[in-house]
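Note that the chains take the letters A, B, C and D in the order they are written out, and that residue 1 is the start of every chain.
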């Protein structure tokens, strides 16, 4: 039980707990805020995994943009401050069972895999993850095409969402 | 040192929670929240596989970044949809948007 | 910059020009033609440099300039796109670059650049002329000037791609681009009914060939797993192909592939029986005729067969078929050409016939000779077409002058005596004509045709030899007929009197091409010509080195030489003799309806293919089968059923079916429907839930089957 | 290792030895020491923050031709302490309709987002929180947390003015982040790393403000917008929406926002210094020792802070649509053009001698600046013609 492991366990608990709050809490704004906590925890996980770039991008993109968008959306689509009535569909217990089954199935599939409990090797000396990532993103024999496609996707989403949310009046 | 299994189990749990949210939240925005959770679970997997696999292969991180892009566009479009629906139907409860039934 | 890089760059300027013109400069005529001609010039420059390098590169045939890169990922490998310049493509590249540049330049003048816009010209119709400030009738500029240059630029791109490609796939791409362009350019004056039909006809006819060619390519790929020449022409690959038998006419795989590819050529280079489109293609502007139907596109077909010669030559049957078709086309088109009065149609049929020569030469295995004739023919045929265009142009001047638009400026019987009006055109046309008819020793055509004849003779294909000789005679004959009717004698119409020489942009290309029409032959003078031992024929050595085994030079034979000498001079002489004072079609002995109507081929096709299908649909299927037979039977059944029905109804239907079965089923269905209806609730989450349950169920089942059982 | 040239590590080693001597596991010891480091840094900044209040008040007074605080202590230096005491002993109101948790969380986050930034500021070659290899992005990340705090404050205080302010602020932040990132990438390109230490180290030869003056300017503008200070202080435009997002806050909570804002301004002055003014480099003076270097950096940061204040108290507030238009139609394109141009020139001139390199970069910027000014002039001319009519403009041109 090293410090890292304790740290991981705390993070994991935070993530799962806040995720549960996200899906259960009544007040949608609170749900969005809990989502932010979850996302932050995930960012910490990335940091634990030495993916510092992703960690920061997670904060920038998810917390800085997506979560804010959510809060706005919630604000724009509510009549009054508090939500009344149950926020869950009737028969949510069935959904819960399904979700549990899914988790069970995933777990079973994973533990059947032989690489399940392997540990990470140290980085080779002088290894620069960010540099590697940058090269991988722009070198033609790696991922430049998916990268460009993703950018096109973003553009399309931008245009589409503007068109959708545009108030024709 | 943390074994890979921890990450995988964590992401599986996160995924299931997100699934639950998607299945059982009333509010469309809340459903989108659930989808975000699921996407994050996927990302955790991707990154941990990168770290625990051959680190010179950046596929994991690159895919994670692409998932970021996808998530961003998904949220943008989804929320735009929700808002325009709210304008016309004055509701964001998914079950009330059931025009497509028999 | 290495030669390989340069080769990559050669096709690019035209296609860039195409997009540039289409997208940006299409408003500005001067800019458009500057762009197009500039692009052609760049390609020409590159081609010349490459050609130079490849001449001075030792054993280019063994180690051609080549580079390729991955293009389309297939399952486990890549389809490569690549360029290659070996001796064959080098020489083809040479004449393509030249003719393309010349024709681009020529088009500027041909479309009356610098003339005022027409008084009542419409896009899609040839310019009708304008009246300048002095009230004179002057030719008017082509309304769709820029579009024309865009199209021919794209066309040039296709041709360069085809020539430079190192695999059949890229070649086919260029091939199809040219198909498209020929469609666009033949139908360039889409206002004319005839042009539209000609365009469609050309497109369709060549398509027939292309389908088979594509089949051949596919077969080849499935057989060898590669389309690149280098891979296919490996000896072991060829051997394997030759040894594999196929169910069709007992051809070997090589033979079948060769045959399929050859059918593509038949379509593209207008060989019998797919030749019908080429004469009609003369509807297009003359530069197009020169470019597509003489210099480059039809040559592409021949080039492809020559290129695939190592493969095709593996199967004697295929070779025989090719030889037969080529020979027949040669003679048959020549005979038709004799009786045509339209200056361009004569050339069109002569083109078909000359292509027939090349194909026949290939059929008898005369590799170098075919390539040689390809090159020379490209030069002098381009020259002839451009010359005829110049003539027509001059005639149009005359027509504009007299203002009598009923006179057909293309009909040779309306001309005559033009040698004084348009000297440059006359001399160049004369050179071209002599080259075409193979005027001995001086002109290019003589050497190439002589080599073909010599090959046919020495390889013992006597029939081929004789037929080709006759065809050559006819060629000389109708060429002289054309020259006589057009240039010699006295003007037969006022228009001809007022015709005058065209602008330098049109004549300069003529002069240059005339130079080639003479000199291009000298590179191929056979080694032991007339028994005096000259240097070995450079062309033969160079192009022959493309093949794995250098084809041995054909021994000189007095028979072949004499024959070609005889037919050429004889034809020319008779042509002059017969037509020196023929004034009108009536006096023309050779206006036999059979020849005049091109052996009624259009009619035959109309009768054999088009009419029957109409008839089949209209009369047979609709009238007889449908109305008579089927309806009759149906009516009979109807009556019978009626009787039986009424009986059945009374005794079974009413009390048994209706009460119990019918209503019962209805009730059940209704009940089921009512109870199943709620499942489609329109609620996304429910759907998701259900699908997940099913997924999990399947997973559980799999788990049970895979793990427990 | 002596104290003067490497104080932090010196103390750290000493403490580690001490703790391990007490029988702690060394990971625990290092953890504690890092916490101590964080604590020391934060408290230092907070105290400095209090000092900043005084600076701000003095400077604004001078700008407005007043004396400013001058009663408590010499030059009124102890005035801010009095302010702090006042804030603390004020009544702490939480509105009835407010969302308690979020309402109380917001100011803390707001200050946190600022303090987080100091984790990556290299005060000296050997004094820095952490050498993050994605420092430039980290700044934006922390900024996004600030945005979050603003929204939380506005929403939780259940007040329309607050919400309007928050919307404005978020719109501004989200849009001005783009030119900011773009311009932060320029030092990144020049230094070949996103790490702050690398960037500062890269400026030993020449400050990036020489190589990329326009970038420095753009960054400053974007930073001012990020800070939500005048002329971009629409989030708290007193005359329109009273006080924007912190309208409902009183006492020390408001104090936290206020302190956060001041410290934020100073911090961006610091980042400006780090990214463009050569960080702790000052003609080799930094070699005297880390503390000197830190002082240099603080001086530069103060200079940046002073410029920000200068702008704030001279330029007047602009309208929200003008502001966003200014960002999307002017600042962002300029930033991107700058980015590409810098990348290009950097690649072209990399292997040339220093003089050529520096001159080249500088002249490129000057040229681009000139072009931009010309474009702007044409634009404003057209605007004037549209509003005042052609004749008057021509007449004006003749004078």
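To be clear about the criterion, a contact is a pair of C-beta atoms (placed from the backbone, for glycine too) under 8 Å apart; a residue touches a chain by one contact, two chains touch by 3 or more.
Since the structure is predicted, the reported quantities are computational estimates derived from the model, not experimental observations.
Following the contact convention of this document, B is the list of chains adjacent to both chain A and chain C.
Relative to chain A, the chain whose mean Cα position lies farthest away is C.
In whole angstrom, the spacing between the mean C-alpha positions of chain A and chain B is 7.
Here the CA centre of chain B is 34 Å from the CA centre of chain D.
Separation between the centroids of chain B and chain C, computed from CA atoms only, is 57 Å.
Distance between chain centres (mean CA atoms), chain C to chain D: 70 Å. Residues of chain A in contact with at least two other chains: 2, 53, 57, 65, 72, 89, 95, 98, 102. Multi-chain contact residues, meaning those touching two or more other chains, occur in chain B at positions 19, 23-24, 95. Chains that are in contact with each other form these pairs: A-B, A-C, A-D, B-C. Across the interface of their complex, chain A is touched by residues 27-28, 31, 97, 99, 102, 132-134, 137-138, 140-141, 143-145, 147-148, 151-152, 155, 158, 163, 167, 170, 174, 177, 194 of chain D. Taken together, the chain A residues at the contact with chain B in this complex read 2, 4-5, 8, 12, 15-16, 19-20, 22-23, 28, 31-32, 35, 38-39, 42, 45-46, 48-51, 53-54, 57-58, 61-62, 65-66, 69-70, 72-74, 76-77, 83, 86-89, 91-92, 95-96, 98-100, 102-103, 106-107, 110-111, 115-121, 123-124, 127, 129, 132-133, 135-137, 142-143, 146-147, 150-151, 153-154, 156-158, 160-162, 164-165, 167. By the touch rule above, chain B contacts chain C in their complex via residues 19, 22-24, 31, 94-95, 97-102. Chain contact summary for the complex, chain B toward chain A: residues 1-10, 12-21, 23-27, 29-30, 32-34, 36-37, 40, 43-44, 47-48, 50-52, 55-56, 58-59, 61-62, 64-66, 68-77, 79-84, 86-87, 92, 95. On the chain A side of its complex with chain C, the touching residues are 89, 94-95, 98, 101-102, 105, 108.
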